[in-house]
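Okay, so subunit A shows up in both of these, paired with subunit B first and subunit C after.
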Partner chain A sequence: MRKLAIFLALIPPLVALYLLYTGSLSLFELALAIIIATVISYLFSSALISRPGRLYNPIRWAWALIFAILYLTVVEAKAHLSVLKLIFVPSRARPAIVRIPYSVESDYAITLIANSITNTPGTVVVDVDEERKYFYVHWIRATDLTEEGAKREVSELFERYARRIFE
Partner chain B sequence: MLDGILYALLAVSVFFHVLGGVALLRFPDLYTRLHGQTKSTTFGSIFTVFAVLAYAISKYLETGMGKYLSMSTHSVVALLALMITNATGAHAIARAARMVGVRPYAAVVDELEEVEE
Partner chain C sequence: MKGAARDAALAVLALVVILGLLVGLARTGTLAVPPPEGNRPLADKFLKTTYNWTSDLWSASPEVVTSILWDYRGLDTVYETGVFFLAIIGAIALVRGIKTPSLRWRGMSVVARTVSKITLVAIPVVAASIALHGHLTPGGGFQGGSVFAVASLLAIVALGTGFLTGRGWSKDRLLAFRTLGLLLIALVAVSALILALLKGEMGYIMQNQWKPWARVGLGYLFGGGNGILYSGSLFFLNLAEFLAVSAGLSLVFILMGLPWESLKGGASE
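So, the complex of A and B:
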């Protein structure tokens, strides 16, 4: 029963993605979309989804949209300015690999935080310790080397949104 | 008017792409170069996609043809794919480098080193 719900839950978003991408609503495209979505969902749904209810929670989607807009404009621009300065004055760099704790459970949330950190200029996740819940982050201008301080500077915003979206 | 906006967006985009190349020359080691290269490229591509979006939407309002709408969805999907793969690729390069023993240049502190020993 649960498996069936997971299998069915993945089909509508896949159909929607296909139709959005082809940009047509003809009967042929619709039928093809449903067939392809069914096959993909059969193959991958158990690996991709564990709680289908969350996929259809509009509040989570709204937070995801807010995070995407905030991230693409404010966070990226701010971080780019600081790296821009470093490109012209490399001697101001203070590289370090710091340890940053995180406290989320699901794989999606961990991936979102890690990818956000890496996509932000100035920080790259080098390794993840999933047992002890640490990111190892290469930080080009480390201003705070303690765990808590580094977390506040680097990943706290991402973690807050990751929890709202995926947990 | 529209041309001006498009050129401005594309200029910003090209500026960041060039900056990525400059960073590759200026920074001393693999990790710092990763910062310069991968990130500047993402930001540059964001502005390229904004330019495509502005063009497609204005053309759609002008002509009402559906192909301009699918043009904009394609570029947004491409941007999402780029952001995910770019970050994942950077992870993979950084982790692989660390595993074969590339040390960060002039690092103040290296917490991973303490774990390994």
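So, the complex of A and C:
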């Protein structure tokens, strides 16, 4: 039953991707899309989805949308501004690799946090310790070298939203 | 200091040589070769017949390249596919007796693995779209199959060969799909001929559309009237080639990604 739900859960997004890429909405294309999505879902769905209910939870979608808007406007702008300042006052740069703990479980949540850190200017995740749950982050302006302090500055916001979206 | 001076001198020399060659090429007019005039009537003929239902030579497809590949010189492409198949047979013969590892390899970090998994399902969707619209837009079975194989390569590099072999992508199964694709191509290749023989008429191997002197064809509209254009054999050949190339290239990538340990000692057969 659960296996079937996982298999079915991946089909709609793949159908949507096919139609989007093909750029056509005829009945024939829809039929092709469903056949192709079924085959691909059969091949790979169990690797991608473990809890199909979460994928179709509108509350999680809403949090994802809120995070996307917040991240792409406020968070990115702030990070860009701080790196912009560093370009003009380079002596303030204090590059360091800090260790930042995380406490989420799912692969998607870890990936969202790590990619959010990397995508903002000034911070790059250079390694993940999956067993002890640490990110190793290169930070161009390391103002706090303690684990908790660095987490507060770099990844706390991302982790809060990653938990709401994926956990 | 002496080394730096030598580097600079060599760099300048290289720059002079490259510039000299470029100027030489440009001067002799070889950088912009106009197609030989003798070829123009050929292009003219293809462009004027492929999607022209008043022509006896039409292939019912607006995609001239696919028409040439699978219709005008269709037999060539069938042989090419055969050559590619033999190459894969050769690759398998090289690693005969060696088992593909079934243990779960860790692959890259969790971040790389998760992102790869998402692209892993997106790539085959795009590949299928490229392959199945080969008779309408640039692309086709081989192109689609090659794109599909990128997904396999991504899985091998980011998730480990064990990810694929653990899901039942064994040597034998992939070879079976590869062979199935080839059989389908052979079937489509002779289908018009068989139809013609059953009717007691003239027909050709790799025949696609109806001709006044060989009055069998594989049709081109699905659902008649204002139906969906499938261009006769082109759609099915692309589909079969997509299957064959996807499975064949994935198989070769898996063989190339075999860990050194499993090759030690050579074949056991």
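Methods note: the second predicted complex is superposed on the first by the 163 of 167 C-alpha atoms of A that agree within 3 Å, B and C clash if a C-alpha of one lies under 4 Å from a C-alpha of the other, contacts with A are read in each partner's own complex, and residues count from 1 in each chain.
Quick note on the criterion: a residue touches a chain if its C-beta (ideal position, glycine included) is under 8 Å from a C-beta of that chain, and two chains touch if they have at least 3 such contacts.
These numbers were taken from a predicted model, which means no experiment stands behind them.
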Partner with the higher number of touched subunit A residues, subunit C or subunit B: B
Which of subunit B and subunit C A:Y21 touches, first, second, both or neither: both
Touched partner set for A:L32, first subunit B, second subunit C, both or neither: second
First, second, both or neither for A:D127, with subunit B first and subunit C second: both
Touching partner for A:L84 - first (subunit B), second (subunit C), both, neither: first
First, second, both or neither for A:I40, with subunit B first and subunit C second: second
Touching partner for A:I97 - first (subunit B), second (subunit C), both, neither: first
Subunit B versus subunit C as contact partner of A:A114, first or second or both or neither: both
Residues of subunit A contacting subunit B in one complex and subunit C in the other: 21-22, 114-115, 125, 127
Contact set on subunit C toward subunit A in their complex: 109-111, 113-115, 117-118, 120-122, 124-126, 128-129, 132-133, 159, 163, 167, 222, 228
Residues of subunit A touching subunit C in the complex: 10, 14, 17-18, 21-22, 26, 28, 32, 36-37, 40-41, 43-45, 47-48, 107-108, 110-111, 114-115, 125, 127-128, 130
Subunit A-touching residues of subunit B, taken from the complex the two chains share: 16, 19, 22-23, 26-28, 31-32, 34-36, 38-40, 42-43, 46, 66-67, 69-70, 73-74, 77, 83-84, 86-88, 90-91, 94-95, 98, 104-113, 115
Subunit B partner contacts - residues on subunit A that touch it in the complex: 20-24, 72, 76, 79-80, 83-84, 87-88, 90, 93-99, 114-116, 118-127, 129, 136, 138, 140, 142, 145
